[in-house]
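Two complexes are shown next, each including subunit A; its partner changes from subunit B in the first to subunit C in the second.
The block that comes next holds the complex of A and B.
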């Protein structure tokens, strides 16, 4: 049993960047959004690495990365991502910021997935991050699954273990540092990944060159995606305002510091 | 007029959890603000005890989806049950706790109902006769207040944002909803969780101890001392029953096969790709860094840090107190004092 693994993931501002909201013509946006360095959404990146690892271990499997985002920025990010693992890129040209609707993004992704030539839905595993680092709803994958008729869904996945009969075991994060362990009879299924257990793969220039042969045409033929936030009115979008007056305690004996900390703990 | 449904599920012990009771408070306040009635919808293996525990909460009706298939958390059966509950109540607004179980299925339910979902909301009020929710964007780096025209509208409420409802027990009369036939292809095998005395992630704890990569660095003698670090960290957790969090850099070291602090996993990670804990107090040790760390710290009320850098970008402006000292020495003494 092989898998057709479709990883959904877009780009987000580099986590090291300080963000600032501005009012744009279509609603809230980020200041200098197109100038901010971007990365593949961290949880989606984990999903991509897990997908590639699964495809490597299950012969006949294939990985697609489906993304809704501004294609110019996607091209920059793909120069880096393409060196990590083999995949075929499918692009919908649209906004990747936080202030868009999960339902719109899911609809655009569904259209892109439906358009993948050679995709066998009986083998389909829909991967993605269980939440994004932009909108952070943890909703897009479930909606996408519903649109595609896939009702075996898992979120906060850290482990997928395939069996020879096509079934697989999944471990999903739940409250209190525990895992819910389930066995799914097989594809199709939706899996929203947490971090998984794989380290980030090292750059491989050969993989990068192979990927880029398909990435550039995919970017060139990207269809526009109608993604927005119709029906939502943002009354305020702001950075958290509280800056604390940090008391610096230095050149103080360890005993005094420890005593103060213990008093605070017990207080 | 809006029709409000409070949607929840009992925990393994049959009772509603704290997050569920907080969401009930949010639903009640919303109903009061809108002058609209609200109903309760419960799903689970058996929900009578949970319903009885909130029987006097003021709900107009109690809808129940229960049975063996709903005893365990599974997308296909949970989504079908939640859809049936929403339809039975005729809900235009649904308020639910952001538990792992409901967070997984409710977006799909919104799609089935032709509605929309806003998840992990940290505020829910009424403004000009309409619900106004607050939620965070870009991983707790930006907060927005928003209203929505679309109905039905499902709102999940993040933990620790409302005071939990309490003491409204009685005897609830349940209305069973018709559940559609679902043939799940997923079998729930069970829950993997550490034994209680080995548990280091404690969402209910008053305090969070965050361990940073500094615990693994070379000390004054030119050697690293992971065993000593583990002794200090675990000793503190044992004495205080605090929860443990970690910076990404530290759990990544463990994940890359380095036996640094073997009790740390990605589950402990807070921040950009980790949890956003909500403990009352937080003590960060050997941490320093940039924006990704800050987001894991956002909802901790009282914050203190111990590290060797007086100009630490993480602590400055974000911690209430920064102790510039060797965390090994400080924590050893703290543990000694706590042990007395």
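The block that comes next holds the complex of A and C.
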């Protein structure tokens, strides 16, 4: 039994960047968003690395990365991501900022997934981030699953163990740091990944060159995606207030740092 | 007013440096960056540089290079690499990314390529097919160890030897049985040899110590060859400690087939097909470029930490509440901090523009050079006949230059295309240009770059000379000094330039560049054009003039004349290269979906920075030219309005040209004011993306 794994995920500004909400012509936006360096949403990245690992271990499986995002920025990000693991990119050209409705994004993604040539829905595992770094509603993947008629859904996944008969066991995060273990009879299913267990794979330029031969045409023929926040009025948009009281102390033992944080939380 | 919004990212750099359409290069940049800002930065932050020995921690670099594809970047796809065609631009970009964090790490990456370069450039097909794949990391399923190479040229002469004409390495025939491959005894003591802690293969320069061998050559030594392969003592250098450097001693017996490029037996004498000088010329022709760029990358890397330091200088103190000008801008309230930073930034940009122009040219030149060699070989043209054939092509090369830079609509496109397809004319043109750009990159980028690194360090005050200064500025300042000596110290580059910068094709290029700049409306273009004219006039004056004793002024031995003129040229070339890049940015940024909205501010800032650099370069060149012309010119004491003075006869034209340079500075300080002001508003990330 092989899988057709579709990973849904887009880009977010590099977390080191200063983000400042501004009023744009189409509603709220981030200041200079197009010029800021972007990365693959870390939640989606976890899902992609898990998907690639699963595909490697289950012969005959294949991975697609389906993304709604500005194609020019996606191209930049792909120069890094494409070197990590083998996948085929499917792109819908649209905004990737946090100010879009989950339903719109899910509808665009559904259209893109439906359009994948050779996709066997009977083998479909729909991967994505449990949440996202741009706007953590945690709703997009669930709506997408519903739109595609995939009702077996797991959220906050940290582990997936496939069995030879096509079934698999899933470990989901639940309250209090515990896990829920479930067994699913098989694809199709939706899996919203938490952080998984895999580290970021090292770059492999040979894989990158192989991926980019398909990624560049995919970016060039990306169709516009009508996603946004039509009908939604934002009364105010602001970043959560930050308060920094930074001390720089070199060579502090990890245990001391942890103890201090615990004391601060308790205090 | 629209201004610079964010620090320039990849989208900007790809346009400026012309690799927006090369995803293989973009991937290489991303690979190098991810290594630089994780493994490399952590090693530096952890103080791993504080030892001369190669340690396990330092060896993490090699693993990271292997895993990320950097080790195999020099190879063709058939040999395990991933970039097709010439790789000069790729190596230059990778070196820059690594040097952005640490020059020693960049050296480590480049040294493996340098070790293999003699084989790559002049090796036989068998040597290339054997050694290059051997030095590629094993692919999945392969059970072998990646071999590593070192380049052994410099000898343990008193002090560090760099004169390639003086070799201490010797080879003799040890045995030569009838019909069998001769066995050679090679004695080589190296000095300052990079990669020696882990090199399995050494390409060494040696000369004959035996009448049965002619001349010199480069030869491949392996660590398991019979004899002594002593890696030697570590070099006690104070910089670039993330590269391994030792003084090896090798006394090995190797078959003559290891002579790079092969050999012929003529009248019972082994005659290497390439002398060590020919191989080095071919190798250094290109490898000087990345080293020059390493220093420029340091300057660009300093911008973000300095802005952060300036803005946050007073935060946390008893004055400057959040929201106040002092809190928001800190030292950026002061013009001096801003304008000096513009100088640092503009120097870094100009160095990158010059070096990457040289790298792109090298990529175009490689196939032309090979085709030229092929045509000569097919026609049986060898030795001096080659020089004669190239001399015959010079007129066509000159015609090509004039057509290439003719004003729009005035060139004959059919003739231009014809000359572009003319291999020999193209070779002569590119050879003339590369002959100047390559040493100029190495000379100007490292020399002026090291001085400007000091300026960068000073802009961070006392913090700048601490180990935990963000951006490792102190390390970079010291490292820059070594980079000025890599692949020939500054005097070697100046000597090279004094020979190549008088090439008629290059001089015609300078005339055309001047005319092109005069047609340009860009700020500072008039000053730069004037300075190019002044430089040409000065060169002509010096070449045809004599001093008071009647001795020729422009002469190989007269380095007090020729070297300053080479220095002046470096300034002018770098400033012109930046102007060229900015013109491309202005043309292409509006069409980029990422940059379109910010293009006006971005291009205006870069135009101001190019103007600042042009003014600075014109001033430096004019000063040098004035010193040479008036300094060596014959004057007469006369009574002037203010008392006795020296009147220099025959200088009217020089004075007119110099005045043109000065007048061309019109508005350049206003450009500096604007560029400096833009630094107060540019958005920087919340934190550096590598550790303290």
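Criterion: the second predicted complex is superposed on the first by the 239 of 267 C-alpha atoms of A that agree within 3 Å, B and C clash if a C-alpha of one lies under 4 Å from a C-alpha of the other, contacts with A are read in each partner's own complex, and residues count from 1 in each chain.
FYI, contacts are C-beta pairs under 8 Å (C-beta built on N, C-alpha and C of every residue); 3 or more make two chains touch, one makes a residue touch a chain.
Please read all numbers here as calculations on a predicted model, not as lab measurements.
Visitor: Report for A:250: first if it touches subunit B alone, second if subunit C alone, otherwise both or neither.
Guide: both
Visitor: With the two structures laid over each other on chain A, which partner does A:203 touch: subunit B (first), subunit C (second), both, or neither?
Guide: In the superposition, A:203 touches subunit C alone.
Visitor: Answer with first, second, both or neither: which of subunit B and subunit C does A:35 touch in the superposed model?
Guide: second
Visitor: After superposition on the shared chain, which partner residues are touched by A:76: those of subunit B (first), subunit C (second), both, or neither?
Guide: second
Visitor: Looking at A:147 after the superposition, I want to know if it touches subunit B, subunit C, both of them or none. Which is it: first, second, both, neither?
Guide: The answer is first: A:147 touches subunit B but not subunit C.
Visitor: Of subunit B and subunit C, which one contacts the greater number of residues in subunit A?
Guide: Counting residues of subunit A touched by each partner, the higher count goes to B.
Visitor: Answer with first, second, both or neither: which of subunit B and subunit C does A:18 touch in the superposed model?
Guide: both
Visitor: Thinking of the overlay built on chain A, is A:212 touched by subunit B (first), by subunit C (second), by both, or by neither?
Guide: The second partner, subunit C, only.
Visitor: If we overlay the two complexes on their shared chain A, which of subunit B and subunit C does A:63 touch? Say first, second, both or neither.
Guide: Neither: A:63 stays clear of subunit B and subunit C.
Visitor: For subunit A, which residues belong to both interfaces, subunit B and subunit C?
Guide: 16-18, 248, 250
Visitor: Can you name the residues of subunit B that touch subunit A in the complex?
Guide: That would be residues 73-76, 79, 99-101, 103-105, 107-108, 110-112, 116-120, 127, 132, 135-150, 184-194, 199-203, 207, 240, 252, 255-256, 266-269, 272-274, 281, 283, 290-292, 298, 302-304, 306, 310, 315-326, 329-330, 333-334, 336-338 of subunit B.
Visitor: For subunit A, which residues count as touching subunit B in their complex?
Guide: For subunit A paired with subunit B, touching residues are 12-13, 15-19, 21, 28, 42-43, 46, 98-99, 101-103, 106, 133-140, 142-143, 145-147, 151-156, 158, 169, 171-186, 194-197, 199, 231-240, 243-252, 254-255, 257-259, 261-262, 264-265.
Visitor: Of all residues in subunit A, which touch subunit C in the complex?
Guide: Those residues of subunit A that touch subunit C are 14, 16-18, 31-32, 34-37, 70-73, 76, 79-80, 82-83, 202-206, 208-209, 212, 216, 248, 250.
Visitor: Please give the residue numbers of subunit C that touch subunit A in the complex, ascending.
Guide: Touch list, subunit C to subunit A: 5-6, 9-11, 23-24, 26-31, 34, 64, 67-69, 72-73, 82, 139, 468, 592-595, 597-598, 683-689, 692.
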